[in-house]
Amino acid sequence: MSQSYSADEMMTVAAARMLRNGAVCFVGIGLPSTAANLARLTHAPDAVLIYESGPIGAKPSVLPLSIGDGNLAETADTVVSTPEIFRYWLQGGRIDVGFLGAAQLDRYANINTTVVGSYERPKVRLPGAGGAPEISSSAKEVLIVVKQSKRTFVDKVDFVTSVGYLTGGDSRERAGLPGKGPVAVITDLCILRPDPVTRELMVATLHPGVTRDRIVASTGWPVQFSAECEETEAPRETELAVLRDLKARTAAAHGETGDGA
Amino acid sequence: MAEWMSLADAIREHVHDGDCVAMEGFTHLIPFAAGHEVIRQRRRNLTLVRMTPDLIYDQMIGAGCAARLMFSWGGNPGVGSLHRFRDAVENNWPAPLAIEERSHSDLANAYVAGAANLPFAVLRGYTGSDLPRVNDRIRTIACPFTGEVLAATPSVRPDVTVIHAQKADWKGNVLLWGILGVQKEAVLAARRVVITVEERVPQLHAPQNACILPAWVVNAVCEVPRGATPSYAHGYYERDNVFYRAWDRIARERETFVRWMEQHVLSTSDFAEYLALQQDAAVQAVYR
Amino acid sequence: MAEWMSLADAIREHVHDGDCVAMEGFTHLIPFAAGHEVIRQRRRNLTLVRMTPDLIYDQMIGAGCAARLMFSWGGNPGVGSLHRFRDAVENNWPAPLAIEERSHSDLANAYVAGAANLPFAVLRGYTGSDLPRVNDRIRTIACPFTGEVLAATPSVRPDVTVIHAQKADWKGNVLLWGILGVQKEAVLAARRVVITVEERVPQLHAPQNACILPAWVVNAVCEVPRGATPSYAHGYYERDNVFYRAWDRIARERETFVRWMEQHVLSTSDFAEYLALQQDAAVQAVYR
Amino acid sequence: MSQSYSADEMMTVAAARMLRNGAVCFVGIGLPSTAANLARLTHAPDAVLIYESGPIGAKPSVLPLSIGDGNLAETADTVVSTPEIFRYWLQGGRIDVGFLGAAQLDRYANINTTVVGSYERPKVRLPGAGGAPEISSSAKEVLIVVKQSKRTFVDKVDFVTSVGYLTGGDSRERAGLPGKGPVAVITDLCILRPDPVTRELMVATLHPGVTRDRIVASTGWPVQFSAECEETEAPRETELAVLRDLKARTAAAHGETGDGA
């Protein structure tokens, strides 16, 4: 099947669609930022983008390479201090949607961004927690955007940096976490959503051209498909046009692809 | 009371071996010039505190200044890993690096508590996370009214905080704007304060509620134009994204890192000379 | 999301009998117009919270709106007592007034804790003071690291916070500047928010780090020029010190107070009519 | 004895003299504000005046009638929020001198500004604590400015709003209070200072023309005079000129004496 778009574009478009207009969104750098800005430039013009560095209501004309680019401050409604962002806005319960990435993810959407291997003698030392532990607990809903592979989608994360549904079932509610937790995981292959009862991630839609076998081969646990599993709607012309335009503007401004990491 | 002096004098006077040092700046206004001067003066055994270690701490760790790091996110933003940080943690090179790891929210609150002269901070955080398992300074506290259990962590009280800002007046009152990060709190939490600025001006002409650090909370203020390069100073210059990407190649191997550090920092006498070298066409060609 | 509406509608919709109401403004930007509308709509049984009750709460207490007051300093600044407040506390007139008394530092911290969604605040305070003896919501808490004992008090979470600000844009983003007091925290600690502003403008043109309350944390925004009179709005008009002094005479006796309230507030239909009456030469002659 | 100045002027001048140049001073409204500004306009041009409403480094051209006058904001180096003033600046330990008033004061400089009579059924309900409890504990030193009378200088305060030396001796240190406590009480009759050991207030200097008998008659406890008790230096020409000029400017601006309460 020939496609006029890449798997990355499918992932970004699918993530952007999750953001409803008017939602207050706590945005990390890289894919989350791309998806949130795509949403803002298409169906969600009133989405409020908050970056942990301080800008509230940022409307960047190009994608930021770092979480604190000047363009974020210039286009924001206001710029507050970093402690205020975390205290009054995130912990204060004012974030509708938190976007997160992951180095490792388990079936209950628990996230590892700390170490591969043991904490004391890591095989790979990852960047660490950043804002994620409190985003994952305090945002009303969490969206996770991550490329799918057996290396990332693991049976057991080496370290729980930020919680999803803990051990599944009602364990998250029992732990007293304020937010609802991850409502979707958007990958380059599919969209997964937690089962309403077990909270295990189930494949909800497959991106066009992706087979169930490929999903199984890219997942480190025996992944399940929901009964209503359908095909993800392919990116529309307008979505792709806006996304590519945004990336081209970004590349022109930053001198490279500017997708961030 | 703020004293205008050279950056070399300020670091000599206020940053000592074994100190707990916070050099803050959330992507914006990162005090690179001051970091280089610490490397030039070969400070050792420092406890470094910073939410986002960034290239500045990668350089200081690789240069052997640090014995310990307190942080919440250690990466090269938009690029990838901090290779010198990883090499220290994974392979003890050039020296073992003890780490105390917290979340952004925690460390931001810990600076606030430090500025407010409180011994600890209270936050909603860490529930279910493994971080408290590996950091015994993340504890819990019960609300005396509701019984609810929250996270408690020790406040941060650096021996010295170093930041970069846009302007200071001749008295040493400092103004910063744009992305403010945690700088005000880091300054007010510290025993001593060194601030580099883009320029010294007769008057600040600041808006009424601007972020100003009065001269009497600052020990040393130093005029260092472009002192936040390769990060940026709002209203002065932009982030040098090319350098952030080049750093990934420079720092990946010990040899290239050591050579770069020797040529660019240890062999230059100050930040002006470093900046001049960066402009060299041959250097630029290597970075691109 | 902020909705532009008349002040009468905003109070009708968002301030209910029995609510916990915070009307803040530290000398500057006190929401008098909103206070008058609460009196006009004869709200009862309110829990009023305010660091400095000032004339606005003296008027509301005297008019019988309040059952309870949480405060830290209740005087007529620069003049003397709040006579209606005293009459309520000393003589239960027009109704008994339960008080919960804290210090400025405590109440400011309690708003901060409310805005940060924490159940309590920690502060260095009250050591040796009799206040904890008469307020059992001032308690202690031990630092989990040092064992040091500090004061702990419950956070403030009003049902509704009402403030006055200088400007809002057509979307309802609100800008204030000058003496900011505790308004941002009071707004972010509340379930519902009503803001009156001096003027509605197409664009705020605010400095980058200005104090802005985004439209999406505000429920109702109302254009009420001079709505902070007799306090002041920086950049618009000055404090009416003559009225503050005149209030001492008006409020000292129940009869003069009742007559003033009847004529000036209850018999006027809105704040514009009240302001017009204040300009009347006969009224001015009485005040002076 | 004929005097070319009033007792209030003597008190204000004496209080102003206590403020060293460069001191960071937490200023309340009324007499403290008058004294601090007089100091700033005479021997202490670099005194830093902080008002609890938020201005840091205020240099008002006329005396404020309220703690939050616009002139304070306009002349300040910066204006921060009220919580920041109390958290970072006062509790943060950055205040050298706190100026306080009192409705009642005992021999250990404990202050009552809450009630006369019982708390539950007060004879007089006073304004309450304001910033005083934390100023009295956190400022490095405290100066108290108050008119002296038996009604004010009482044997036992009806309510301890803000602490001085508690029960005297080392009781303040033992309570763990960060600041040193009241180093002087300046009245319209004299200056009192705590005895270094007992911490009881002793008359240190008598204002010109004031007799010991008058002090005794104006104090509700058997007041003691220190061995070195001398006469307070009378206001100098320049001090009086600056003070009167400040008051005249204030009166012109506020339409009355503007001394505040």
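Side notes on the structure shown:
First chain written, first letter: the chains are A, B, C and D, and each begins at residue 1.
Just so it is clear, a residue touches a chain if its C-beta (ideal position, glycine included) is under 8 Å from a C-beta of that chain, and two chains touch if they have at least 3 such contacts.
All values reported here derive from a predicted model rather than from experimental measurement.
Mean C-alpha positions place chain C and chain D at a centre distance of 28 Å. Annotation: 41 Å between the Cα-based centres of chain A and chain C.
The geometric centre of chain A is 57 Å away from that of chain D, both derived from CA atoms.
Among all residues of chain A, those that touch two or more other chains are 73, 79-80, 87, 91, 178. Residue positions of chain B touching 2 or more other chains: 112, 117-118, 123-124, 148, 178, 180, 184-185, 208-211, 234. An unclassified topology is adopted by the chain contact network, corresponding to no line, ring, star or complete arrangement. Contact between chains, as defined at the top, is found for A-B, A-C, B-C, B-D, C-D. The touching residues of chain C, counted against chain B in their complex, run 117-120, 122-124, 137, 139-141, 143-146, 148, 150, 152, 154, 177-178, 180, 207-211, 234. Considering their complex, residues 29-30, 52-55, 64-70, 72-73, 79-83, 85-87, 90-91, 110, 114, 119, 122-125, 127-134, 137-138, 159-163, 166, 172, 175-178, 254-256, 260-261 of chain D touch chain C.
Of all residues in chain A, only 22, 24, 48, 56-57, 73-74, 76-80, 87-88, 91-94, 178 touch chain C in the complex they form.
Remark: chain C residues 26-28, 51-52, 71-82, 85-86, 89-90, 101-105, 108-109, 111-112, 123-131, 134, 148, 178-182, 184-185, 211, 232, 234, 238-239, 241-242, 244-245 touch chain D in the complex. Residues 1, 112, 115-118, 173, 184-185, 188, 206, 208-212, 214, 216-217 of chain C are the ones touching chain A in the complex.
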